[in-house]
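In what follows, chain A forms one complex with chain B and a second complex with chain C.
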Partner chain A sequence: MTTLDHAKVSESRPNPPKSLITKLNMGTGMIVGIVFAEVMYFWGKSMWDRQEAVMENRILTLSMFAWCIGFLIGIGAFIGPFRWLIGKDLTDEEQLFLAGKGQGVSRYFRYCTDHKVVGIQYLVGVMVMLGAGGTMAMMIRTNLITPGSKWVNAEIYNSLVGLHGITMIVALIIVSTGPFGNFILPIMIGARDMAFPRLNALSWWLLFTAIPVLCSAWFFGGIPTGWTAYAPLSVQAGGGMNAFIVTIIIFAISSAIAGANITTTVVTMRAKGMKWNRVPIFVIGATISVAMAIPAFPSFMASQMMAAFDRTIGTHFYDAEFGGSGWLYAHLFWIMGHPEVYVILIPGVAILMEIAPVFARSPLFSYTTAVVGLAGIVGLSFLVWAHHMYISGWLPSLNGPFMVTTEMISIPTGLLFLVLLGTIWRGRPWMKLPMLGVYALLWNFLIGGITGIYLSDVPADDYLHGSMFVTAHFHYTLMGAALTGAIAGLAYWFPKMTGRMLDERSGYISFWLVQIGFQVLFLGMFAAGSQGQPRRVADYEQAFATSDLISTIGAYLVGIGMIVLLYSVVHSWRKGKIAPMNPWGAKTLEWTVPYPIYLENFHEAPVVTSDPYGYGRSEK
Partner chain B sequence: MSDQHEVVDLPPTPGERLRNAMKARDVRITMIFGVVITAFFVFIGLWFYPKFMPEIMSESMKRGKDVIVYFTVISAPIAGLVIAIALYTLFDRHHGDTPPEEAASFRTHTPIVFVWTLVSAIFCIVAIVWGLTEMNVNSEDATANAKTALVVEVTGSQWVWTFNYPELGVQSEQLNLPVDRPVEFRVHSVDVNHSFWPVQLGVKVDANDRVTTLAHTTPNVLGTIDIKCAELCGLYHAYMETQGKVMKEADFNSWVTAQGGHVA
Partner chain C sequence: MSTSTEHVMHHDAPEVVGRRERLGVRLIIVADGAFIFAMIFSYFYLRNLNVNNGWLPADGHTFTVSSGWLLALPFIIAAISHNFGQKRRESMGVLSIVTFVVLAIGLVMQWSQLSNMPFMLAEEGGFEGAYASMAFFLGGANLLHYVLGTFVALGIAIRTKRGSSTGTHETWRLRTAGSWFTWLAISAVACAITTSFAAV
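So, the complex of A and B:
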């Protein structure tokens, strides 16, 4: 119940074990990774030194995989499995070292198994990715400021669109379940760590290896296909496409590992007394989200492996000339793609359902309804993928059934609204930063949801498909709802993750800039789409000039707001007000541990006797 | 039922409870908000939104627009309710560094959950039935017009649309159509995927390599059509556009003759 002085942390510094593990870190990983990639590259050149695209693609793809494997070897990811192979395991000292005991900042650059370290690594990684993706968004909007601006040429523009898309999708998939799912979730359920700490570290460092690969796309001709990377366009694309493929394959493995880990942790490691109906709703949301990713992403991975085969050894999975089919790709992609948007959305909404009771001082309205709503979305989301293919001509007679399943999602989605509204109804909202997110979500998700119903309807989609309307719609759901939830979560858990409060003034300024700019940006884009502007165009006609100018102005507001948020986070992290143990008076378990949190979170295993939503005066 | 008067303290019936709830001040104010916001969204849907749609030159385009307009109107009460509740709670805000006083312990309310689910299910069914009906009308029109339709073969290639009228022996990079005559677009691509989008006609279909996909419509207004590509197709995707004209039958026939074709 007190603020802890950071300097008085007395975790004794153990003698580090004399083993290879202590010598390895991010730096050695990079060195070994680059050496592997170079060796692979020059070996490939000597083997297949021909001026064929297939050979070039093969060499690049293998070099990128070599980098990933080299990096993981260099950082020591395989020391444990290697010991198992020779019938041993890591010693206790080595395990403590891996958990980062008494290592200070350097543990963030190692293969560290402590879930709190992994959470911070994910947080910083996500912020870097959002920054990169956001910068690209600003460049896209700058190019669209007036018709014929030609600020960048069409080639660079297309690359920007593709890289912005995939960077943001990857960032948003992990934006909540990465930082909060790793840092907060185990403490929330009263666990000492994740079920598989080494896999946890592996999932982060795998993802880390994918980031330079994705960035390298710039130097090999970009990703000129949009993030959907439809075949046969992707088969035609230059070397940057290899980077996309490798990134997705690595990311699919990483998210499968993370998903298995979080799911197992929640199923097996909950505190004593934490029955399923006492689990905090964020934990349910995060678990559902990563559990959905487990069946969804392999389909994406398969689609990219087949694309890789087409590009590197000359198969014809997607080439109609030799019996392949672009529709095959579209199906594999969207079988991942539609559950995936809910993988992004659900944790964001769940964070806000966690926040709303705390700041309205009122119990979460109808916990069961919340769970049913989340589960209903999961169930339906696997049955709707072909609504992305209404106009593909694939099988028009199936448009009807897919329209039915898609529109049915509005029912469980409506339940989530009911839960949030029921929670804040007749409460006095405490207008702290996290609570603002709840209101922002209600508006943004409402717009995103209703426009989604238009798009799910075939006659309307005949007109709107592939237009800016679609872009605006999914930004309302993914950014307006999911990212808003994640930022609210950051403001909410910042005290627990950094020991300091997030600066309120800059936080408010950022919130309003981002949210107002966001409305201007995407309401303008709805207009452009309704007028008939296709998406992903580098240039457009005079008729759309006003809508696009409005959008660009909104985009700059969002950009400024995000820079303010970045300042707020960096400033607060370094010099912010020291946070009390439970600044919000919340009842979940993570607020019962002081900062800095012990290596294994709890000195005594907590026992749970009720759900964490016992707010409100007792009636009668 | 006869011994009902023996009971002294009847619990309030659901009807009475509803009437009592409606008398509460916050419920009344919220409902007023809800009505105003609903009206606002109805206004957006009926009047404001259609201004952003291009000229409507076919029944299929009109159906698409109607779906958007009426779905906005149908969902207006939902939006009204959600925003009204959120707005109302904002009237009694709490600031400062300590939490506000505890609210009422309002854990769940089965009738509300039930009614909410039921109402959203009804809205959902309305939307589904509406959509299926409109879709069905579109495809019935297509079947009915199959014999009389003017066939236009549309070829997408990076980054040009070409139009071939097989029955008339004309090939052109401009799409000209006679007014009030059903048309069947047979669309394919010779390279990557494109998406054929004659904007004012309200239809759209992908162009795939080695597959022919169909789109049916009947232009019923004279004027210019913007033809665009709605699927990212490489470097000059943004410039893969051309214009078309819906013209009187006589004008169309003389255009066909001028192009060296023969009028059927």
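So, the complex of A and C:
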């Protein structure tokens, strides 16, 4: 059932005319949010002297939180809990209204609990974030086109780097589990909705409130610290840091809610007959990813709350003069930060492991190995954080053990390579757009993985740390693998999400522009990093000029490719060829439902009788 | 993946929904636990580093050891009261009110402690050192737990009074709330143990 836990649904009156729920939407949310923020701002100004930085930070931070709370009140997020509190639970009709029944496009602007609506909201949100982050990347590369370029000043350059970083990190964390984890995953396991539909909507709208907060950083001096926001630098930075801190705190709460929701859905709501060894590998990957975020992200949230308290009330968590320590921040940040790399990576790789059997028309090579590989990455990812602190001076005697754990992580990662290679080996690849992503990942992730081994090595890291080499490495991993997987997933599931086929011609053009541009961009950056060019610096020596020029040309190619992809998505969504129910001949459950998908996904609950990758062999 | 069309009920049984909600709450507890662990780790990390002897300055102030335990007590009583009540449903009416009142008192006590911290530097508007910062942070987390606990307890008290807390699904919900109250007590005890180690 989409929103009802139990009890019979009355079909007589789907839209309750007198309920407050029917009157609330994104517009009321924004009005109440702005009013709350304004009231908090002026109350704060009247209470505290705004001349002092601490007081100004306090007022700004509280105003940003007030916006978020006000927005959620205004859109109706708290009606359910309030009604529970007073013992008047939402009626069946109200729950159906929340599910968006009979509301058309307006449900995308409401607190809608239908997982398919939430999936589309995430998809559009992610595209906006990638667009903003990508635009900032183009500005960064434009400034680096020649040495001595003054296209933007150093302060703005620093903010561009910081905002590009955090925008892309947040976007990539949700790029697969947001749209596909919400829209596709429940149908894939034969569920009628997510386990907690109202929490599902809350996780999206919480994230939505963070977007204007992060954008507001530009008006308060930007984020001069890079996305890592190392303390005490972040404590000393201007008002824009408040926006960063509030964004991270909101995002961590949103992630915990989404993680609990998706994990519970997969554990408890699988279709009859879907034993664990019959669960599609994307579902396993997405679940592992969000479940990993549950214990990892709270330490990031704690680190930012401490920074907020240092900035707003005068605590000394990171101030060495009063007993604080910058190392504490590094620990809390990277205890989250390295698992977070895999939170981003695993769903993208899992999508491609889902796609490979469909287009190679051969069973997934060693399903068990794939699961063991994913589990191994999760286990080791919590034991490697201090490789980011080799040269920080913190316990050099532990560098060796952390080097070993970091290098060990290449073993389970290698298993995933073997699974993909084994799947396409002697298969008969159907070279459609989603399948191209598999080949792109094998190339990009190989380079990203091998250069990661260099960086895990203490002596090599001593030289390469803080250079463009590191930037190129993690872009090969996050963009070359995770984003490639997500784009392949979009091409693969586009027919199911929109009812139309993604235009192939523009899709191919986009793919080759992005992939060729990507290699030019980041191979050039590897060269500059190997020569010693530091990252996060607005200017550079003449010696790096050729590498940087090549990188900037590559960046423009990527940018053009992404614009073509955007055109392809928008054009296909509006006027694309109508998609058949199962255009790829895939065997997973989402392809058994027609478009538009029924509110409860299935007219009759499916029963699974075979594994999802039984191509070319008799059913078991 | 082949499918067959065996017909099943569209509405899940209360036990199924109850187990689902319990798992969801347990996962949220894992997240909250990770947050509490991060704070306790930070406390002992800064205490053991004692950078520039700034953990607890020579003339610095601390909360009394007993205050941490005193503030954990309402959580413990509330957990016992609620879990006892959900096992003996006939006494749930009274015990749900007891749970709420105890948590409300704890909320006031925690607010009072944070409002009267002995280690604020009035002239600078800041804190004395790292201990003072950590004690404030742990107290703030306790306060947030009190707010959440009081909200849930108030809801249960009102629903019990209105007779809404009947049926299999509500029984599961009370059991799930019991897990939450038990976790709140455990985390408060963990914070009390932590703040018992103030001096280096």
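Convention: the second predicted complex is superposed on the first by the 598 of 620 C-alpha atoms of A that agree within 3 Å, B and C clash if a C-alpha of one lies under 4 Å from a C-alpha of the other, contacts with A are read in each partner's own complex, and residues count from 1 in each chain.
Keep in mind that, in the parts below, a contact is a pair of C-beta atoms (placed from the backbone, for glycine too) under 8 Å apart; a residue touches a chain by one contact, two chains touch by 3 or more.
Owing to the predicted nature of the structure, the values given are computational and were not obtained by experimental measurement.
Chemist: Tell me which partner A:Ile346 touches in the superposition: chain B (first), chain C (second), both or neither.
Modeler: Neither: A:Ile346 stays clear of chain B and chain C.
Chemist: Scan A:Tyr540 for contacts with chain B and chain C and give back first, second, both or neither.
Modeler: In the superposition, A:Tyr540 touches chain B alone.
Chemist: Is A:Ser366 touching the first partner chain B, the second partner chain C, both, or neither of them?
Modeler: Only chain B is touched by A:Ser366; chain C is not.
Chemist: Taking the superposition as given, does A:Leu172 touch the first partner, chain B, the second, chain C, both, or neither?
Modeler: Neither: A:Leu172 stays clear of chain B and chain C.
Chemist: For A:Met129, using the defined touch cut-off, is the partner it touches chain B, chain C, both, or neither? Pick first, second, both or neither.
Modeler: The answer is neither, since A:Met129 touches no partner chain.
Chemist: If we overlay the two complexes on their shared chain A, which of chain B and chain C does A:Gly87 touch? Say first, second, both or neither.
Modeler: Once the two structures are laid over each other on A, A:Gly87 reaches chain C alone.
Chemist: Let me test your reading of the model: by the given contact rule, A:Glu321 touches which partner, first (chain B), second (chain C), both or neither?
Modeler: In the superposition, A:Glu321 contacts both chain B and chain C.
Chemist: On chain A, which stretch or stretches are contacted by chain B in one complex as well as by chain C in the other?
Modeler: Residues 320-321, 327, 619, which sit in both footprints.
Chemist: Contact residues on chain A for chain B in the complex?
Modeler: Against chain B, chain A makes touches at 154-155, 158, 161, 224-226, 228, 230, 232-233, 236, 320-321, 326-327, 359-363, 365-369, 391-393, 396, 399-400, 403-404, 407-408, 410-411, 414-415, 417-418, 421-422, 424-431, 439, 442-443, 446, 450, 453-454, 456-460, 462-467, 527, 530-532, 534-541, 583-585, 613, 615-619.
Chemist: How about chain A: which of its residues touch chain C in the complex?
Modeler: 1, 4-8, 52, 54, 81, 84-87, 89, 192, 195-196, 199, 256-257, 259-261, 263-264, 267-269, 272, 278, 280, 291, 294-299, 301-303, 305-306, 309-310, 313-317, 320-325, 327-328, 331-332, 335, 587-589, 592, 600, 604-612, 614, 619
Chemist: In their complex, what parts of chain B are in touch with chain A?
Modeler: 26, 49, 52-54, 60-61, 63-65, 67-68, 71-72, 75, 78-79, 82-83, 85-86, 89-90, 92-95, 97-109, 112-113, 116-117, 120-121, 123-124, 127-128, 130-132, 134-135, 138-139, 187, 191-193, 195, 197, 199, 202-206, 208-211, 213-214, 226, 228-239
Chemist: Okay, in this complex, where on chain C does chain A touch?
Modeler: Contacts found on chain C: 1-8, 10-14, 16-17, 19-21, 23-24, 27-28, 30-35, 37-39, 41-42, 45-46, 49-56, 121, 124-134, 136-137, 151, 154-155, 158-159, 161-162, 164, 169.
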